[in-house]
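Please read the structure below before turning to the comments.
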Amino acid sequence: MSKIVSFGEIMLRLNPAGYRRFYQANQMEVSYAGSEANVAVQLALLGHHSVFVSKVPAHEIGQCAVNELRRYGVDVSEMRRGGPRLGVYYVEKGASQRGGKVIYDRADSSMALARAEEFDWERLLQGADGFHFSGITPGLGGEMPKACLEAVRTARRMQVPVSCDLNYRAKLWTPEQAGRVMTELMPYVDLCIANEAEAQDMFGIQASGASGEERCESVARQIAERFGTKEVAVTLLESLSSEEDDWSGLLYREGECRLSRKYRVHIVDRVGCGDCFGAALIHGVQKGWDAGRQIEFAVAAGCLNQTIEFDFNLVTEEEILALAEGKGGDLKR
Amino acid sequence: MSKIVSFGEIMLRLNPAGYRRFYQANQMEVSYAGSEANVAVQLALLGHHSVFVSKVPAHEIGQCAVNELRRYGVDVSEMRRGGPRLGVYYVEKGASQRGGKVIYDRADSSMALARAEEFDWERLLQGADGFHFSGITPGLGGEMPKACLEAVRTARRMQVPVSCDLNYRAKLWTPEQAGRVMTELMPYVDLCIANEAEAQDMFGIQASGASGEERCESVARQIAERFGTKEVAVTLLESLSSEEDDWSGLLYREGECRLSRKYRVHIVDRVGCGDCFGAALIHGVQKGWDAGRQIEFAVAAGCLNQTIEFDFNLVTEEEILALAEGKGGDLKR
Amino acid sequence: MSKIVSFGEIMLRLNPAGYRRFYQANQMEVSYAGSEANVAVQLALLGHHSVFVSKVPAHEIGQCAVNELRRYGVDVSEMRRGGPRLGVYYVEKGASQRGGKVIYDRADSSMALARAEEFDWERLLQGADGFHFSGITPGLGGEMPKACLEAVRTARRMQVPVSCDLNYRAKLWTPEQAGRVMTELMPYVDLCIANEAEAQDMFGIQASGASGEERCESVARQIAERFGTKEVAVTLLESLSSEEDDWSGLLYREGECRLSRKYRVHIVDRVGCGDCFGAALIHGVQKGWDAGRQIEFAVAAGCLNQTIEFDFNLVTEEEILALAEGKGGDLKR
Amino acid sequence: MSKIVSFGEIMLRLNPAGYRRFYQANQMEVSYAGSEANVAVQLALLGHHSVFVSKVPAHEIGQCAVNELRRYGVDVSEMRRGGPRLGVYYVEKGASQRGGKVIYDRADSSMALARAEEFDWERLLQGADGFHFSGITPGLGGEMPKACLEAVRTARRMQVPVSCDLNYRAKLWTPEQAGRVMTELMPYVDLCIANEAEAQDMFGIQASGASGEERCESVARQIAERFGTKEVAVTLLESLSSEEDDWSGLLYREGECRLSRKYRVHIVDRVGCGDCFGAALIHGVQKGWDAGRQIEFAVAAGCLNQTIEFDFNLVTEEEILALAEGKGGDLKR
Amino acid sequence: MSKIVSFGEIMLRLNPAGYRRFYQANQMEVSYAGSEANVAVQLALLGHHSVFVSKVPAHEIGQCAVNELRRYGVDVSEMRRGGPRLGVYYVEKGASQRGGKVIYDRADSSMALARAEEFDWERLLQGADGFHFSGITPGLGGEMPKACLEAVRTARRMQVPVSCDLNYRAKLWTPEQAGRVMTELMPYVDLCIANEAEAQDMFGIQASGASGEERCESVARQIAERFGTKEVAVTLLESLSSEEDDWSGLLYREGECRLSRKYRVHIVDRVGCGDCFGAALIHGVQKGWDAGRQIEFAVAAGCLNQTIEFDFNLVTEEEILALAEGKGGDLKR
Amino acid sequence: MSKIVSFGEIMLRLNPAGYRRFYQANQMEVSYAGSEANVAVQLALLGHHSVFVSKVPAHEIGQCAVNELRRYGVDVSEMRRGGPRLGVYYVEKGASQRGGKVIYDRADSSMALARAEEFDWERLLQGADGFHFSGITPGLGGEMPKACLEAVRTARRMQVPVSCDLNYRAKLWTPEQAGRVMTELMPYVDLCIANEAEAQDMFGIQASGASGEERCESVARQIAERFGTKEVAVTLLESLSSEEDDWSGLLYREGECRLSRKYRVHIVDRVGCGDCFGAALIHGVQKGWDAGRQIEFAVAAGCLNQTIEFDFNLVTEEEILALAEGKGGDLKR
């Protein structure tokens, strides 16, 4: 059991049930999620001491977000309270040829308006075995780029390994803004999670190669080279329809690339898939697994996430391992 | 934006949620629909001044039907109130090898018992750019065949183009009755929507050709020839299971036939698919699109309709165009 | 049928079903409401040409708000699209000694950020028989006080009667801010709707009298005197518990005060009660009813509103009249 | 355990959940009920061999009605299948001063169109200890008055006691029609269930007396005198609001009148209350109870019915007795 | 119509709706099922006099189980009441690579603790055309093996054909226990339903052959040989994912083996599939169908069961025949 | 913030929604509760370090119970996993004169079968400020009386104050068994929570006095005298109907008795009321409040609990204080 500190925003997610469009919704399902929060939950379920650092408003809806993290075992003792609002995002599930939709309403959230000084990284990272954030956190703007920079610098100084999921969101910042800020942060990152589009948007990286796999490797190597990153994981999600995709990943470590098996997934809820891929990678690092086992475990986790409603990946290590070892889909009595 | 007048019945639709059978339903989902009402809603969503002409009982359930049309922008100022009841139909969704079921309870509805004189077509068609009905409307019996004949004659006189979806319903009338009435109406129709089975049931048309596409063309040409119809669109729905079908269409115009691409659809709710195909065709006519664009747009609309719960096709022109141009199924953030 | 223009914000309302607390909600009921929107809906249901003027974001959730207004017959042709977001508010119903809660998340909404020049009052008020707003609209800040002032000045010039519900919201502005802005607007108001607390908060008016009724009269007379308002209606809601209250009202007109009967109400949903009271008053003015009939009708409308889920008062004139005339609570077969 | 044969219609009941108005319903709760069906279910739950004789259409919705009766132990082996449709009724629950509503859509149902010869009373009443119907059955029109007359005549000849609930429904027939038909049937009735309004509507009986109780007695004595009825039970439901009423009853037997205690009821669902009052009376007759016990049992049953959703009175003899003996409202662990 | 007596346990089944995991469930769907109860319901729906013999506790939840059987026409007059509890099982549906889960909580149920003497087989089997049980019934332990032995011996003596589904449940007993008990029972069995895994677990039977079909035949022949069973049916369910499988079966009769067609099934709810396969076989025996028709009918029934929520197979003979004859998956209007 | 250790069982609670009877439930609401678990949650919400010690089975349903405690901030690090099952109880809400029902199915649960040695009280009570249990825990039988005795003896030795709610459950043990075991435990109890019926059932205490208040005082004094208990709190719940009661309490401390105000409560869910009364008393002890403040706070907490669905009392200290100080029932915006 390692102590991992995740830093990011948690939002209220609202979605019509089943395949209903927004226009048809007279009630919406309520959950609470966010890229780093999803990572924190997955890490807690994998048995780690998972600390989530964030800020939510000091009212009941803010408390609901905290409760949901706590429910799955996340340490919420470092959550800050205050500020104006909890970010909201609306999700409409797609079907067949009809694409899904996500509408963000996250501007001016309590987290986006938090000040860097509210987070004392020296204390927060005491005894930590890992620090995680994604590109969304600095993308929130305000003092968040500064807070992230302080966090990763402190982590480096305290020899806490840092993981980062690029997670480019065009609604938050432009490629230029993202590139500038992330370029400053990347040198402190030990494990980077990316996909081809993000690498291009943020860093202008051009993938080469004909197949998806070759292009993933090209991206991984370029990131590792440019920033001296020890480990780079690249996901490959090939969408067949709103309900089906092919899903795999690749892990670069010390010059070597390991490709995972590929899953044909019948999707229940795609959102959050990359987050638990990242969490599972961190788990593999903490466990000291070899690259092959690590990437297979991470891709299996991401596969299972797509079969579960909402963002949180409510699966155990045992379940992920069973799938990674080829035992999926049976009815267990 | 054109003014299109649709004439038909709107009913209460009841269905158990999800895959529940009628036997298992302790609640049913409520919606309001009908072939011409579906057309009217799709036209309103495509930006037209869409007028729906019908009659509903003067009580709250009747008003609910009106409200639902109004919600999506249909002009309901020409709805009549009175008569005994709103028709009801029950829908049970199929799954895999288990077929779906529709039970109709529409006899003696307010619309079926309406008198022809309640509809002053001279006034109703003032300034109209199109008049639409389907074979269901005269099939309701009573004075409805007379009302339809008056409508199409007035439309012809006022130079309002007429579209008609054959929509043969065996529960409403026999092939002989349908053939006699429709044969009187068809000469006034400018755009006819049909499929092979309907053309045979109503007009005894025998399709020739080995492939579905050839048979569609044969049907289109025979209809055009027999009635002098300018445009004939024929849909081709090949059912693979209760949850999957292949869906395409063909448009005959001035001697030429244009075939659309074919979609493999994972079905959410099949009912209403042909209606929005028709509405999308009317849209294409109003826009003055060429036959290729028109049929691709219409088939894309019908494809999307099958991915949406209930009959109404709650999609925008932008969404249909995106699919017609090959961009479907992505998650839009 | 009169044309009444209402000006204000419409928001997304979210509430857990039944008596569930926010902490227990894994889904929330979705509706769309706002003080002036509630007025607009009630006026449409009473048969008027009810125009709602506001701004919502150009995405699906914004469109849902428009659809909901349209569903009940409101003219939405003057809705503006754009800006960042739709305001949200969360409602938790109270029970017995446990009070209800409303959490607002409305800052920086599309409406709050709209510019005054987006509303061309000359055109908007063409042919109008009434203009309505509440203190919430200028309370939104930004250019809204300016827009309101332009609206009421134009209305006065065009001889369109103006109605205003004070609706003080402490979360929007301070008593000083509200007092300053509202004092500028009040001289243009022909019908003012208030309660004792609002009159004190906004204008420092001290009610005199021992009974609630005497205090209402004192408030009405002071408002009328200070601003020269022709008609002032004051509501009296005496809360017995979260589920029961006593509800009545008083109308001051030309020096005379008329007190309504008092209802003991078993509450289903209290929110929106004052709004439909206001709409019903406007209806009475348009009908030219005498003061007694007007206030009885308005209080009956407000009573019924409390028996209906969500803010909109989905009742007809016939139902309100029946209650005002003492025929409530029967099962009508 | 006695064999009781009930004869009447069973319909599909649809109602929005909770206090939602029809306008707000996007789903409706489904149940199956009807006055005589409710009696049959209550009798089965009280341990009798309860046979329900009726006709439903030969499709799944018809079968659902049969299944629901069978679920609670009613003998459905004498149900006929065929005809066009199952009657439907829509129920909207009232709240406080807002009254509830029932919309009937029962015309031309399979039962209303059934022919008298479909029911062979000689065989159906073989071994029966009771025959029950209500005024609704002949009120359905067509051959139903004839079928009822044949039934009661056969019952008299076979010495099977007959019970009848007047159940006047103004939507089915006029007072004149009802009076003429019921006057022919009443001489065969041994136990009549009525209330003041029905007695006046059907037979022009004018109640005398100041209190509700006196008027009930007056009604009972007049019915007994006019038709020579052995037992007449009169219910007294005084509505306080949509959610509260006072409920009691009176039983006339051999010249004596016994008044029950009066319950102040907090209503969950009022529909069906009189039906189970009648069933409980029949139970008392079969048990040979004295008049006091019989009327207290029946009123207690009617009270409990109002605390249960939907029409069927899902209570046991033990529960009714406990209330009749003054032990209601406790939490039983 | 034959009289078939089934003997086994009925339990409360609880499952989260849709694809929700147990962790996410704040409500669960309630149904009542059990292998032999499922058989009894299917037989009743196929038109037989289907008697279910079991024991449930004498409280409301026990009565609910009885009501559910009665709803679908099962004769529940031989249900015993008493004992401590109704068994419970929890079902979580799988999706794609995520497997489903069943958690049993059935120990010490009223049925498991019932005494053998509570079942007077002489009387229970009077006039019966068949007796059915599965390996679960003796697997419940206590006096159930004894009760089963008495039942099959009585059946043999009274010349009532016996059918048995092996239904090995590892949570109930070890292979050794099961083998010992079942070996004693099997000689009385006329129709045995099995699959490869069960035959191996219970009897150590090793299937030979490369294909699934060959292995099924091998299992059938070995069972028939070892126990002298007249008919042996073997199911072949090849799982592709949690949502898709291939499903077929084989019937051995008098030395001949008949293989059914194979269905690719899109699964709605897999539980109960084997039970209705068995019931359909019994139906075929009672009808005197040839082996080919019998196995096709049974496999079609099992296919349809997988398309229906919950265990009970709510299909009619007409629907099964339609599929067996190749007419599945159409929308019936 | 004090550390309080609670020891007891947590069960799965299932109840039909709203006022539905068990017979009508096709789904049930899922929650997890138990007397001591309810106390633990209330204490956590009041800001204490609340440790819940219990045992649940090592499967998902057991984990759900743990998750629910954790969600509200309870320390679950001392939960044991293993054993056969989680106890279940079924709750049916009453209405008006219809009483509610609770059916227990808790025999042989993992907690009931836990061994005393699984709980090392020396370690568990390290640093604790309080230990809480109720009469249900020893009532579970097996080694639970022994475990409780070890717990309270260790607590006394370590000077940890002990609180105990008598909570007599007739379904668990007889008055004689309960009296014998509890008499052994009571000398170690510092704060006893009781009501008149329990005191009589367990200890044969006869209350004297005409009013409920006098009888409460009599009970408190007898308990204090017999066992030397420092503080005794007695609750007084006078049921008016299933939906309304009068609720108050009395606290005996050092010879003095303090009576609380009395609340007329409109009940949402009565279960768990006494538990949070107890938790609130413990809070008062920890805060060092005077007897008057303590009892008013506890009764206010119990009042609020009855206005909240399910057992857990999801209220904050601030909300309880507001009610205790007379500010309840307002709508807070």
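Going by the order they are written in, the chains are A, B, C, D, E and F; count residues from 1 in each one.
Simple rule for what comes next: contacts are C-beta pairs under 8 Å (C-beta built on N, C-alpha and C of every residue); 3 or more make two chains touch, one makes a residue touch a chain.
What you see is a predicted model, and the numbers here were worked out from it, not measured in a lab.
Contacts with chain C and chain E are shared by A, B, D, F. Where chain A touches chain E, under half of the residue numbers in use are shared by the two copies, so each contributes mostly different positions. The chain with its Cα centre farthest from the Cα centre of chain C is E. A centroid comparison over C-alpha atoms places B as the chain most distant from chain F. We define each chain's centre as the mean of its Cα atoms; on that basis chain D and chain F are separated by 45 Å.
The mean-CA centres of chain B and chain F are about 62 angstrom from one another, to the nearest whole unit. Along chain C, residues 18, 21, 23-24, 26, 67, 72, 101 each make contact with two or more other chains. Per the touch definition, chain D reaches chain F in the complex via residues 18, 72, 263, 265-268, 300, 303-304, 306-310, 314-315, 319, 323, 328-333. Per the touch definition, chain A reaches chain F in the complex via residues 67-68, 70-73.
Chain C meets chain F in the complex at residues 18-21, 23-24, 94-102, 104, 169-171, 239-243, 270-271. Residues of chain E that touch chain F in their complex: 14, 17, 21-23, 25-31, 59-61, 63-64, 67, 84-86, 88, 90, 92, 101, 103, 105, 107-108.
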